[in-house]
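Note that the chains are named A, B and C in the order they appear, and that numbering of residues resets to 1 at the start of each chain.
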Amino acid sequence: MTTPVLEARQLIKRFGGLVATDNLSMTVNPGELHAVIGPNGAGKTTLIGQLTGAIRPDGGDIFLHGRRITHMPTFRRSRLGLARSFQITSVFSEMTVLENVALAVQAHSGHSFRFWKPALRDPALREAAEQALDFIGLAPRRDEQVGNLSHGEQRQLEMAMALATKPRILLLDEPMAGMSQEETARMVAILGPLKKSVPILLIEHDMDAVFALADRISVLVYGRIIASGSPDAIRINPEVKAAYLGDDDA
Amino acid sequence: MSMNRATAANMVLIALLLALPPLAGLMDGEFYIILVSRALILAIAAVSLNFILGFGGMVSFGQAAFIGIGAYVVGAGTMHAFEDGIEWLGNGYTQLALTVLFSAVAATVIGAISLRTKGVYFIMITLAFGQMLYFVAVGLEIYGGDDGLSLYQRSEMPGLPDLSDDRVLYYFSLGVLLLFLYLSHRVLHSRFGKVLTGCRLNEQRMAALGFPTYRYRLVAFVIAGVMTGIAGFLLANQTDFISPAMMHWTRSGDLIIMIVLGGIGTVFGPVYGALAFLLLEEFLSGIPVTIAGYRIGEYWQLIFGPVLILIILYARGGIYGFLQPRSNGK
Amino acid sequence: MNWILLLEQSLNGIQLGMLLFLLAAGLTLIFGIMDLVNLAHGSLYMLGAYYAATLTEWTGSFPLAVVLALPLAMLTGIVVEVVALRSFYSRSHLDQVLATFGLILFFNELVRLIWGPAGLDIPLPAYLATSIEILPGIPYPTYRLVILAVGILVALGLYFLVSRTRIGMLIRAGASDREMVGALGINIRLLYSIIFGIGAMLAGLAGMMAGPILSVEIGMGESILILAFVVIVIGGIGSIRGAFIASLMVGLIDTLGRSFLPDILGLFLSSGYASTAAPALSSMMIYIIMAIVLALRPEGLFPPKGAR
């Protein structure tokens, strides 16, 4: 059996009396897109927060390529190839599209204690950034202020930035949220082939996208995984149906 | 790059500053040389603070402490040179080197502790550390304690014209200011500057991209501390006097006001801010109108306080915001 | 070591701690609930002292003056909140700092205009200007004990207010979830004005209590304000309990440091160096303590629950 790219073992996180992550174990394997679904408040973003190092778990362990990273700061995890996108679009709105992606490239091209040469004239940063923008389809917009982009374009930019760090695994927190149907379709078309080279942990509400993309789906309810399996298995799982019908009718 | 309104205004300003001493000489206005020298030096401090405040989003409320460090190096240096015969302490180059050293050490310690915290904690801690150094200066009886110390003479800089000539000091300060502006401009667009800007906009995102943000912020904090220390070196020479009052926390507040007044986060804004601040002070305190026996000018802060609040409410871009309406970033 | 001096200085330290607590409690409430950094809190302290000084002169009685000055201080706070600060809740901390800095300039100048540049004295009534034997043969000024008592009463009152009353419930709810309080149909603007008023009243009370032992002068609120900042940074912003404990810590360390550090340094250094270094070092002590606390716990000793 191969080592999972990312593994959480018996992860626990409490906020006051609320258990946000309840003894949760899961893996992401090479070449796989593993989707996590669940009703609002199930603890999906808390889970991503712990995996990326933004939130400190109260118990359990996290492994990246078999290496324990439970207490490693965020930037080190990123250097080991763990990239994420944020649920709330988290790009640098006062910069241009190209500047955003160049910054992501810069993060993984040596230290930045370089005080003199203009960063944007550096071909090393520029070319890699343009490549990432090409890949995601944002190249024509590269000199636009990010604040002027549509919501969907900002989500694409977010993805381009994650990709520009040359990740070994991607954690995507609702990448399709607020996207038009067309944009969602484009994102699905990008992620489908991408997962072979970069395994992906996907958190998403758009069920069509999830069932189209995922190799494996885990269902998170109240911080616990109540079911995990292939899309077909999840589709017919009675517990999942109950959880969703019980909670998601609002 | 095409010449926009702000660039044109900057050019005009620099030309005016270069031409001021001979012009003032013609009009017998030595007073203006001294006033503007002071503004230039405060502008240096404001440009330095803007490096972390405007570019990096670090609201350091103790920056005047570094002015104090530079000033006390000069004051103590010349005193020991004269009273104890330690000649080399009177040398301006030595004093500059010591200013850089002490400011860097102080900034490293203060920054290393303060930057572990965020937001309002950071404001309060830098304020507290600044005030700590203020009280240390008050406690230094050897340098006059609360009353401070008059300089025996200005720093000696062999090879340069004599700083004790006000015009020389003026041009020296202007030179340092232009140098710092150029440095700020270069750094802002360098890789380091991009990281600093990123940390201001969204530190969590920067960490997720893989940047060890703490390190970068600390280095920026030290750079700003050293630059501000150099402003203190000049200020001591300009006023021929040092005292704890130079590093009182309200002086740190003044620096922040200058930055906001001029245009926060812009390379040139703090210069306009510092000039405007001093001119406003001169103007308001000179208002001759008397109401019910009270001369308004004497109570100018009664006006300045509310004006400040209104500026913050309604004119966030500062003076630079009028010169360069926000279009293409900064 | 002189045990009597130690006892006296400890009491003095606790008494400084109580003044600090009165200031810090308001600051921490206002920050914790409204997310507002108020540098002008020290101005409210100063105004309280001036109110008490004038009212003492008019009424001839210091206690009566305090009773009258308290609502005045609260009213001042509410006016400041409504006129100047309300627009700043949604602004950045930098904007708040600058706006309240503007208020400091305004109030310092206003006080100079009204009361003149010279300081004022608040005379104590004869029955408070006495001493009490706290231990046989050891007298201690009665008034300082009164300050102690007032501080403890306010601490108990605040504890009761926050943990037992409806407004306290709102305060706690507002601190953790302002949207929820809004959704419950509670007038958040009014709640904020009241909280700010309470904070102003406590700051004013601190100024009034300090008046008779320190001089009533322009800028008197500024250095103690920074000590109060140190207190709430150590205690954890938003925590009343943290503010109380940290106030005592800071008051004691500062007071004891100033009186005993020269002797302690004298054990290690020659007396010349000791007397030079002691004043500088003793004024650094609380900041060093603050640095240590922060190095170990960046959010203070008692970060309130739910704080980021």
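Just so we're on the same page, contacts are C-beta pairs under 8 Å (C-beta built on N, C-alpha and C of every residue); 3 or more make two chains touch, one makes a residue touch a chain.
Since we're looking at a predicted model, the values are computed, not measured.
The most central chain, judged by the distance from its Cα centroid to the centroid of all protein Cα atoms shown, is B. Taking the mean Cα position of each chain as its centre, C sits at the greatest distance from chain A. Centre-to-centre separation between chain A and chain C, using Cα means, comes to 47 Å.
With each centre defined as the average position of its C-alpha atoms, the distance from chain A to chain B rounds to 43 Å.
Averaging Cα coordinates per chain places chain B and chain C 31 Å apart.
Against chain A, the residues of chain B that register as touching in their complex are 186-187, 189-195, 197-198, 201-202, 204-213, 216, 219, 328-330. The part of chain C that touches chain B in the complex is made up of residues 31, 37, 84, 87, 91, 93-95, 97-99, 101-110, 112-113, 222-223, 226, 229-230, 232-233, 237, 276, 279-284, 287, 290-291, 294-295, 298-300.
Contact residues of chain A toward chain B in the complex are 52-54, 73-76, 78-79, 83-84, 86, 90-96, 99, 102-104, 106-108, 112-120, 122, 125, 145, 161, 165.
Only residues 53, 59, 61, 113, 116-117, 119-121, 123-125, 127-129, 131-132, 135-136, 138-142, 249-250, 253, 256-257, 260, 294, 299-302, 304-309, 312-313 of chain B touch chain C when the two sit together in their complex.
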